[in-house]
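There's a structure below that I have some questions on.
So that you can tell them apart, the chains are marked A, B, C and D in the order they are listed, and the count of residues begins at 1 in each.
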Amino acid sequence: MSDVVLEVDHLSLHYLSRFGEKFHAVRDVSFTVSKGEVLGIAGESGCGKSTLVSGLMGMCIPPLHVTSGDVRINGESLMNRSVEDVRANVLAQKISMIPQGAFNTLNPVRKIKDSAADVFYAHQKAGQRLSRAEINDRIFDRFDELGMETKRILNSYPIQLTAGERQRSVIGISTLLNPEIVIADEPTSALDVSTQKEVITMIFDLLNKGIFSSMIFITHELPLLYHVADDIAIMYKGQFVERGTSEQIVKNPQHDYTKMLMKAMVRCDYVK
Amino acid sequence: MSNENKPVVFHADNISKSFNAGKHLKVAVKNASFDIYDGDFVSIVGSSGCGKSVLAKMMLGLYPPTSGDFTYYGKPIANTKKHWNEVQSIFQDPFSCFNQFFSIRTQLEDARFILNPRPSRAEFAERVDAGLRAVNMEPNEIREKYPFELSGGQMQRMLIARAFALRPKVLIADEPTSMVDAHVRAGILDYLMKIKKELNMTVVFITHDISLANYVSNRIFIMHDGQIVNQGTPDEVLGTTTEPTTLKLLDDIPDVNKQEWIPNSHLARKAKIAENA
Amino acid sequence: MIKLLKNLMKSPMFVVGIAIFILSLLIAIFGPVFYNVDINARDIVAGPYAPSSSEHLLGTDHLGRDYVSLLIAGLRSSLYVGLIAGIIATTIGVFIGLFGGFRGGWIDEVLNMGTNLFIVIPQFVILVLISSAVKEGRSLTLIGLIIGLTSWSWSARSVRAQASSLRSRDHIALAKMNGDGNLKILIKHVLPYLLSYVFMVFIMQVSSGILSEASISMIGLGPLDSTSLGIILNQAKDNGALSDSIWIAFLPATLVITLTVFALYLINTSMEGVFNPRLRK
Amino acid sequence: MLKQYPTLRYVLQKGFWYFLTFIVAIAINFALPRLGENNPVDIVMGKAAQGLSPEEAMQKKETLLKAFGMAELDDQGKVIYDTIPEVDANGKAVLDENSKQKMVPQPRLSSGISQFFVYVKNVFHGDFGLSYSQYPKPVIEIIKESLPWTLLIQAPTIILGWIFGNLLGAFAAYKRGIFDKVFFPVAMFLNGIPYFVFGMLLVALFSVTLGWFPAMNAYGMDVIPGFNWAFFKSVGYFYVLPFFSCFPILLSGQATGMRSMAIYELGTDYMKYAKWLGLREGKIISYVFRNAMLPQLTGLAQSLGAMVGGALITEMIFSYPGLGMAMLTAIQQNDYATIQGCTLMISTCVLLANFLVDILIAVFDPRVKAGLQMGGK
């Protein structure tokens, strides 16, 4: 694995409160993600995972500020670019996001297919506009490809779907434009084990079909990361304390915090 | 493990529960029959919507069964203080379990009003202290704490401390670890097992994660679509079973002991490469 | 609680609002002590619509009565009506909303239907009908009472929404398992959550009460036993102050009403900002 | 049966509910005047009997009672009389020259319920009784003359105020910054001013002091009402002040409501997700607007009553010949039949407007179309 897709270089982020107090949420984080690689990030709630995501997406909107460091996608820096530039050229095309499978990720008054079509409309370049019919075709094809009940799901409102269907639709929408890298922020934490497996299977389906090539997967479930990620980074109080292959982290943790996490993992002896 | 000579705590004979969901009837629990014996640590496992939480609420007397006999020590279950004197609960969401306007301490001590005979304030305060120590919290540290000053894991432990202080005969724990970080989970379950042992309680544990059920309990019920499809000791239920729901639940957990959890995942690919080599 | 107050005091809107309101309360209560002029005394020498002078700071009305003393009395009546209406409407609204929202079931359905009924039938219409039916003995208190009895519906509605969302919280179930009775649960575990909300509802009811009284007085159905800001305006309008452009006859009264209501709005909005963190920033 | 047409079912359900509310409104209109000791006939008789002989007075009372549906009639449609002891104003028995109780004939009143049915029947036939102050003009005529003016002043104010208020509020919520900091307090200040107070200030400033616009009436004395250009021009000229005494306040009320709704919408998970997907700013604003509009529509339905009430008083300030003015005249002359007619008409209009808003909600909330949720309320 050689081609680096995402490069994070000594990134530090802080929040600036109304009264001028700084809170450093991410401190000096550096890592790279190569083509075809899945990097897992594990850590407890409040460790700075979600803030890091905002930084990676180039969406540092006050009160969040960049202290120092750089984020590069395919060698292009995201820092010091206008919001419009990042929106038009990076989001959903180069880097995309799968948010937590909470109830409210999709606009409740729009059908799934309309929410999906918005992604195309938002990133059309002058001279190569698609008609609504073409866009619909693409959406239907993609959902078909992913083995979903395309017709019913696309013509539904979010509340008409089960939690699993909703989250799978979100994944479908997030990857419509074949981004280079996808950030999945606890995409299954609100789901039960069976639905979780369906969703993860779908994500890997997308990976294997080459719809996107790299992924950052964030969760606090280490067993899940073990199966999903090639490499695991452990985040603690805004810093990366350890990074290694999933085998290394799970079987031979080095840092005390990682050891604690591993000790607290519940295993089941009956599985084969 | 033989249960035959232990007294039966809960006895369910063909119980069902249905709700009016709009215009049609939604059957949450279908013809369930089981016995829970004194001193059991029973887990009820199933995916969301299988009816396990409804069953828990029925044990607490919050929902009466639509049909069938459901008894507690031979008597029909009712939502009376007398029932809650002996059967208590730990709820899913620790963040919504406490009233943010009172200190945690006050709320823990308020639980003494359900007890009969009612312990004196001082006596119950000591029991709360003991409960807090049992879950590794220093009583003096949380004396003046309010719910919003604690983390989810800490609040979850508070709920266990409350159960410890109440010393109920039966404790119903409905997904008590679903809202906390993974690494806190085992700790909370350990505390649960510890107080179960110390107080010799009967515990009913509701979860969707079969590995947690295996970790804590001596008997496991598997629920699917409102029905109990498999029940027995972990060995019976998990070891040699051919029952499809159980197999699927086992198959779905991403345990680190597994070689391949999802086809095409990187571990699976690596395994294949190793095979070919 | 103290923390909340501190947060509120940080909001300039709240400070301005509460300052204006307390000032108007003080003027209404202690005004006569410092400015003791009989509101019924007609100054024949100064005559009707006298301009501002050292004797009459804001001049006199069409009968030669001193405007400052009229304004103080009017402010007092308006606040009095507003408070009565606010207390009654809030009490009824909270009671119905809490009862329905917390109980649920068919009682809730019936109460909700009644509430919606009173929301769509204009309050103004009922006010006019009752006030014009009560010819004699239309006192300030009675008007406050009528306004209160006809304006509770939207507070009932909003309290109901809050209460029914609270009902599903686990701390209520836990309180039940602590053996608390319904009343204790309501007082200890539901009301504290609603308290700030109820207070906001109360403030809005007071301000709408003041406005309703002014409206009803404007059309000549106001109290017969006392003067109020609405009556001052009504008389100014009926006695040519508008057409003769005698600003001093109505401008102060309009300012007093607007400022009082504005102060209440400010308090309400700033509280909303503090209690609903999303609106902060 | 209507399962395939959820919108239609929704509209029918709402329509039925509003019909019930209408009946309740009629009942309130019927019952409130009768709550006191006096019945409507006695109120009218108090003045009508002046200067009439006892026989004439009785004749008049009989007519009135029949008109109000309050008398018990025999088979021939004649009023039944009872002979009862006469009492004076203090409730004491009046004695005749033989020191015996004086007996007088008195029309027998029908029961409250049958009175109510007659009232409802009359209302549905458009019969609101006779105006007393402009006797014998039927109340319905007065309403017919004034309703168009009320609609002319209120419908545009409310509709335009709602649309522009919401646009402004959404814009303020999205832009924040200086615009919001100036706009929001101003809007809140305006929101607290009663319409009539603002109207009075406008009259004093623009009409009396500056003399730019007329202060009274709906059109000039020099034009003939009808379908002609001069009349329309005059109406437009006279329209300015009444319109602007309501419009800014209504607009600010809607804008402050929309602002907080939009701020809430901007913070939701789905708006964050939309930003993450790189949707255009304009698109996100339009979603915020659309989603926040639904609760704002519900809010409109709730506050219609208050808006209409406020605007009616504005009519009185400007002597605008609408329902408000008609009601004011009626109040000043104790013309109860007209007051009742006007209030019932106002309630009816507000109910109809509410029904329209509910239909709009059904159109804008796709979940109603999907048969999933019952829109606003």
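Throughout what follows, a residue touches a chain if its C-beta (ideal position, glycine included) is under 8 Å from a C-beta of that chain, and two chains touch if they have at least 3 such contacts.
Here the structure is a predicted model, which means the values were calculated and not measured.
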| item | value |
| --- | --- |
| Chain pair with the higher count of C-beta pairs in contact (A-D, A-B) | A-B |
| Inter-centroid spacing, chain B versus chain A (mean Cα positions, whole Å) | 32 |
| Averaged-CA centre spacing for the pair chain D and chain A, given as whole angstrom | 55 |
| Distance from the mean Cα position of chain D to that of chain C, given in whole angstrom | 22 |
| Distance from the mean Cα position of chain C to that of chain B, given in whole angstrom | 51 |
| Full enumeration of touching chain pairs | A-B, A-D, B-C, C-D |
| Footprint of chain B on chain C - complex, ascending | 169-171, 173-180, 188-189, 192-193 |
| Of all residues in chain A, those that touch chain D in their complex | 57, 59, 86-88, 90-93, 96-97, 99, 102, 104-111, 118-119, 121-123, 157, 159-160, 170, 173-174 |
| Touching residues on chain D, where the partner in the complex is chain C | 18, 21, 24-25, 28-29, 32-33, 35-36, 185, 188-189, 191-194, 196-197, 200-201, 203-204, 208-209, 215, 256, 260, 263-264, 267, 301-302, 304-306, 308-310, 312-313, 316-317, 327-328, 331-332, 336, 339-340, 343, 346-347, 350-351, 354, 377 |
| Residues of chain C touching chain D in the complex | 13, 116-117, 119-126, 128-130, 132-135, 154, 157, 207-208, 211, 214-215, 218-221, 233, 237, 242-245, 247, 250-251, 254, 257-258, 261-262, 264-266, 269, 272, 278-279 |
| Touching residues on chain B, where the partner in the complex is chain C | 60, 62, 81, 84, 88-89, 91-93, 96-102, 110-111, 113-114 |
